[in-house]
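After this come two complexes, each holding chain A, first together with chain B and then together with chain C.
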Partner chain A sequence: MNRIESPAASTANLQLRQVGKPLVRTDSPTKVYGTAVYAGDLTMPGMLCAAVLHSDRASALLRHVDTSRAEALAGVHCVLTAADLPPSQGVMTDMPGQTGGLTKNTKQPILAKDRVRFCGEPIALVAAENAAIAEQALRLIDIEYEDLDGIYDPFDALAPGAPIIFGDDNVVASYKVRKGDIEKGFAEADFIVENTFTTQYQEQAFLEPEAALAWVDEHEVLNIRSSTQVVEHYRAVADAIGLPHNRVRLRAEFVGGGFGGKEVMTIEVWLALLALASRRPVQLVQPRERSFLSHGPRHPFTMTHRTGVSGDGKITALQIKLTSDAGAYAKLSPYILLYATVGATGPYRVDNLHIDSVSAATNNLPACAFRGFGTMQANLACEGQMEEIAKLLGMDSMEVRRRNFIHTGDANVTGQIIRSAVWSDQCATQALATLGERPTDTQTTRIGHGVACYQQSYGRIRWMKDSSEAWVGVEMDGTVIVRSAVTDIGAGQSSALAQITGEILGVPMDQVVVYFGDGAVTPLAGTSTASRALYMSGNATKMAASQVRKNLLSCVAGYFGVKIEQLDMCDSQVFIIDDPQRSIALKDCVKLCAAEGVHRHNLAIFRAPTSEGIDPETGQGEVFPDFTYGAHAAQVAVDIETGEVKVLKSIGAHDVGQAINLRAVEGQVEGSALMGQGFALCEELILKQGRLQTGSLSEYLIPTSEDVPEIKAIVLESRSGLGPFGAKGIGEPVYAPVAASIANAVADAIGVHIFELPITPEKVIKALREKESTK
Partner chain B sequence: MTDKETQMITEKRVDIQVNGQACEITVPAWRTLLEVLRELGHKEVKCGCEKGDCGACAVLLDGKVVDSCLTLAWNAAGRSVTTVQGLGGPDNPHPLQTAFIEHGSAQCGYCTPGMIMAAKALLDDIPEPSLKDIKRGLSGNLCRCTGYTRIFSAIQAAAETLRQQETTS
Partner chain C sequence: MLPPFELLEPHSLDQALKMLATSESVPLAGGTNLLPDLRARGEAGGRFISLAALDQLHGIEHSDSRVLMGARTTLSDILHDPLMPTAAPSLVSMAKVFAGSMVRNAATVAGNICYGSPSADVVPPLLSLDAELTLASAAGERTLSLNDFLLDYKKTARRPDELLISVSWAPPTTGTANLFYKLGRRRGDAITVVGVAVTITIEKGNCTKARIALGSVAPTVFRAQEAEEALVGGPLTATTIGTAAQAAAQASRPIDDIRASADYRRHAVHMLVRRLLTEAWQTAGSQHD
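This part shows the complex of A and B:
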């Protein structure tokens, strides 16, 4: 455990008794004893099993879909196709706003009607007595396709005359940033460096495939218990199937990994339709190979940086082009492209800047949200370019970074002034120092060190007008309840609320129960996405707990005849700070309040800062609430005979603002180190003419225990964030620099940069041969 | 399925001990141990891929770790199965469970039951495992959240606890 508190930090939260400590998360025991319930573990009497027929063509007309043989099979209760659907014929795949507002028209058909646009598009749903019958029924559905030409490359899709995938053209979204005087900036440059970087599809590969159970209850309310990051999808389900919002109840179970893959609607609306049609409880657990088709992987990006730089390493002008492959439907591509655009210059101040970004529709798998949400791809190019600039100038790359780092008070890409701490330099310096000495090269291995910094937002886009509610109450025996519809996707979302509440009310964390993730009975908290759950729900919970504390203390102040400020709460006692012997048990304090008719609970709402959008011509405006900064450093060994890259050390150093649970923070850093390593070196969804070639965990390779390097997390605390106690969001930020640091370390080891991820042995050997031949 | 295929289906009664409890069940030949265990209510045995790629369904079969998705229920006849709930619970936690809790080794928790069973088999084989032994022993169990580091440290801590228990007993 490494923890650094710089003297430059804002005032330390000295009074904290629980916050910041590496306490046991409240969800740990149930997961370790095997009693935690996930959506696929639920059963109900009379429950049917569902199965989904996915298209095996990437681009085709659906001439005929005949379900009669499937319907005739004994044990089949219903078979649904587009012909059976309600008139809305679509489901919103947009990010649900707390205001309920739709910001882009990103509706996607629930089931394909006349045409399939990607290989894997859902065509028919079956509910049957058991899974085996449901699978058999799928094989009895007869489909007549008429193949159409497909487009599988975003640049082909944007070429004039390309067939249109959906909408008016194949431009799913585009952004422009125009800042300063780029001509002047390039004229002032001593050197111009231009490089193009590409990234691949990355699959979330959460261990728990999509799972949900739906039924209509005795009040004619449609209930869904699901593995989802977003309880508010109940509204989109209701809109899609034509029910009022108050007739759909969505409850999120423990999620067996999300990483953005359970952010947009996955299987919930299918189960809603089947439950309504069959009037029976229906469960679906996607088999792994269909899970690959049911969410949306990370977007492949092509990123060109043309950088003007002065002889001393200062960036004078930067022109960036970003192109992403959205696939066959928009999903969240417009937002992901915006994140990439804002993140395109990394943690650097660039005054003369042009960015042109575009996301193109193709007949590939629709790409969607994945930890980092476009920022990490954009950051990879930015940090690779830093190394190339340093190489050209013969400078240390950290020195080039230092000359260009953005600082508190500077304007970022969109002209937003950064108000929180920017500790990029401290983080990078710490991470690099922790790598230690380089082992010496051997005859066949080359050692490399690499570092990457980043700037990643936390909290949602400002014009989504984000808010989060939480309820905190004290029971008559002094135990505490938190109610928040936050979803718990494994990062300790619900546990953090217990820890914050325990801190404020002076009760041990295990005396706090958090009811979470129920769209009907817990106050809506918004999504567990965008590194916002702790920031938003943590603030709302802290506000509610603080009000309860105030109410309780006001009663005790009267009882002791002192002022509220003279009282404190700890170990389920309220005591006088200067005379701790004079105290009252929390449960007795609650009784006092009850007798006086004082509220022992509070419902609070936290509202994030808002804005009205960006200027479409210049891209200027406030986009995010705030940003997290930090760095990752890697030490690699490259085998120059086989091209194999082995990561030896992987060090993340991040200013997290304030750790709420130190162990959970370190867990995020460690997990991201390995996930980023997979993105850098081995993970790649391969599509051939739109058809997935790597649809299993033996073909799509994520790092295993044997690939684990020495991983360290260094936690810095500026206490300057917008979250509770000065916390910043960390779930995505800690992931943003990892792959770039490894790519840079490989370049350091072999003396040549590989611009195309993943860095496979083949690419290493090819790069070495090209380097040899150009000597 | 044709009638001819239907006639080929044979079911068999098998006895399986699950966490010390005798279960007698009638199952067809193709039914996996994973499916049977979950039908019996052992939802702690997770399904992640049904192909032996991820290890989420790992259980002990007569003390040896197997992927229950790759094990036919018939092959478990007359044998003893241990799941993570059979290893221990809140009242009698196994040192591995205590260590997983204390080290924060579970994040989303979906790989955890299988991971702990693989770790149990590892420690039964190698009571003092090196880091390399641990990495090898868990190589059939995928985790996407943790980067494995806290799983490794928990196993090392549990091994130490077990050794101490050994010497004091």
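This part shows the complex of A and C:
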């Protein structure tokens, strides 16, 4: 095993007492009892309700927008269109958060002016006494459209002579990777395997749709309380409407699911405008059908792999083409394409490599961030290709993987040396073994086993120059406060900070209160995206807590006349390690510090590793701080008469570096198993000429409780990550291999690979028929 | 957002029927069809008559010759009734895969039948059992077969002043197999892509009665009568089963939609009818031989 002792693990003088244990999360009781407050639960005296009019054309000129009938309706306070907006360039939809680095300019109009570019583009905002009046007002807004030709396929968009939606050529972004000698690599190959994989739009389908409340307070500060992954959007709100940054306060409530869909700003700027215009508190909770239009779904990708392999299964050359459909606005598409490009070879070392990737604008829904951020699509192609290579060579696909796995010390796609542990093999082997024996096939069902590995980054792109701050303090009674503007999107982000602080300061986790998600009064921690929240704010919190620990221990060391290293903290006591009877209660220790004027609190900043970008011609350079590795295995039963696929077992095995809360890790694996199953089998936003055909939860099919297979999480800990105690990010990584493992299991069951997700019963039947006819 | 609507809450059947006769109003049972529709329309809804307090519409009675099920029976009631697994095996199989547990607790048999949807899952099992419906109005009661009740897409023989009050059928005799299969795009809360119910009676090695009811493959749930006829009079063989399955597929008039293509639906009808008939032959046959 290529185990690496990280500095964090080897130098810690702590035995872990809380970290890694499946302790009850601080947010659990409030969610179980239903007392947790979400943005849609908030209410204020005099509060108005908002509603948004979305375009029902995909590509049209806005000839005329007449709001007079809506404005005349009793109970309507204001109706806003593009004509009423401040003369800003729209709202930034670029990488938000604690980034000092350069971002691309991806401004998008707040409300459509003159032209709509996708079906669902916001056109008008209403604030009224209640939701019923607001809805009625929407129906009284008269719009005259003049339809224009639209483009609904990224390949059409890139064809010469296509109507232009974006820039000069509809290219939203493109990347090139040139590494080694691809011609030589293909010449050395005994076989060449080429396949094209496609993926569909996937909707985040969080339980809680977009929701927020905004008002202007007595200090002329615009306040927004919102369901968001990013409190730093206060800056984008301020810039968009021309306010100073310090006059906008954005607070994130508990978020009922984000998955990337609440990364780019959704409804906050609309509410800000309505609150300013009406001078009343205004709330909006998007109804489900409009929620589908209010954030960006996962990008559909078309991915072609042309792989040269030697007879013993070693990849000698790989040429990859990736094309994604960005939809009508850029949003985060350039970055998502970069993730896909870096992730295109999965957890494999490829020395002779060409990648060409492009993201094209169309008049479809603008796609955006979604758990995995392009990596999981790219990984799906890579893992499907592994199976096809193995089939051609008559080898076990795990053996092919083993011959090609990247190892610690190897260079990845962009030439970045992997420094942390790579336990792909261990994870895949354990996941597969846990599937156990195959049930026997029946006359009409075939059982399949599939596995997929992955490489997924955690932490921001290095040239974003990411940082995170946290404050930790001890009260006079020995209880502890953490302040961090991290957003808590349901994965236990705030609870993890309590657990880390409890560990460092030797206090039970329930003695720690975490104030989180306030852009004005808690230190800014950056986004809960990119699997970075625990990595970044966990490190910042650990740094702050460690400094407080040092301050406290230095007082106690003086008191007992010993060295700091001789002391430890546990159960709210400070004691001498070799003579635990000699101890002092934490609260007395705090008093000691206070009397001596020693700080009982600390504000720390953690800074991620940075770089200046990649070479545009070769794609070489350091892109991410680090990567997580692991695997998922699935057992499926396929009905060969109807094409139905049932997932029987779903096993995730991941090297998480160090679990902070074991239960929370298992929760991530379980959730990802279902989300990935949905992507593999039934979830699909279907657009027809840009118009959404599946805009409800009875048509957009996420797995239900009745679809849950047997799920198991296997948690491995290399302690080699860059996070606190050697943790790696896991929120996205655990999701990255799931769909691929199911697709591979289906292929194993029926003997033919389905290259196009989702694998519907209909596609299974078609594949089986084609297999029959080519016999 | 659910628009406002008026709700009348009668305490007796008579009162309810009077309300239905005199005011423009719609019966409201579990609301699992009506309320989503109202929300989708977005306009202030009309007047609903709640059936919650009408005792006559509740309860399931079993006798040797007849099962009588109140119209307000929910899908969960079907699952909790201890005699239902023998009184209507297909209905129990259906209830297990109907929606999810929350909706099963609210959704009623009457609502499912009266909504008239081609994908109504309660209908194929009942159709395969030759169920009869009793409707009541202020003017009196009438009984008609479920088969005659279903007219066209979301069109039934119910007059606006009528309430469905009960459903009845003869429990399957020995030698009868009664099966159901729902093909959906997921296991819970799925709108049926193809629903198939079959009832096969075998006497002395020959099929004496066959019913094949198909859901989601025509404007209304319907019986594939040609297929049924192909089965009656002899033993079921691979050939007769194949012929019947083919006939059932041919009798289907499915559409292409977001869930599946018409072609696929026809294929699935063929496969599922063949499968259920084969299974029915085995189970019903074994009860005698």
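Quick notes
Just so we're on the same page, the second predicted complex is superposed on the first by the 755 of 775 C-alpha atoms of A that agree within 3 Å, B and C clash if a C-alpha of one lies under 4 Å from a C-alpha of the other, contacts with A are read in each partner's own complex, and residues count from 1 in each chain.
Here, a residue touches a chain if its C-beta (ideal position, glycine included) is under 8 Å from a C-beta of that chain, and two chains touch if they have at least 3 such contacts.
Note that the coordinates shown come from a computational prediction; the quantities given were computed from them, not determined experimentally.
Of the two partner chains placed around the shared chain by superposition, chain B is the only one that A:Pro29 touches, whereas chain C remains out of contact. Legend: residue contacts after superposition of the two complexes on their common chain; A:Thr444 is shown touching chain C, with no touch to chain B. After overlaying the two complexes on the shared chain, residue contacts for A:Ala205 are found with chain B alone; chain C is out of touch.
Touch counts on chain A: comparing chain C and chain B, the chain ahead is B.
In the superposition on chain A, A:Ser705 makes contact with both chain B and chain C. Of the two partner chains placed by superposition, chain B and chain C are both touched by A:Pro287.
In the superposition on chain A, no contact is made by A:Thr429 with either chain B or chain C. Applying the stated contact rule after C-alpha superposition, one finds that A:Gln693 touches chain C and leaves chain B untouched.
Contacts of A:Gly40 after superposition on the shared chain: chain B is touched, whereas chain C is not.
By the touch criterion stated above, A:Ser174 is placed in contact with neither chain B nor chain C.
Residue overlap on chain A between its contacts with chain B in one complex and with chain C in the other: 287, 698, 704-706.
Those residues of chain C lying in contact with chain A across their complex are 1, 3-4, 36, 42, 100, 183, 185-191, 193, 258, 260-261, 264, 267-268, 271-272, 275. By the touch criterion given at the top, residues 1, 43-44, 46-51, 53-54, 56, 83-85, 88-90, 93, 97, 100-102, 104-113, 116, 134-136, 138-139, 141-152 of chain B touch chain A in their complex.
Residues 22, 24-25, 27-38, 40-41, 136, 204-209, 254-259, 285, 287-288, 489-492, 663-664, 666-667, 670-675, 696-698, 702, 704-706, 708, 711 of chain A are the ones touching chain B in the complex. Interface residues of chain A, counted against chain C in their complex, comprise 131-132, 135, 139, 287, 444, 641-644, 646, 681-682, 686, 693-694, 698-699, 701, 703-707, 760-762, 765.
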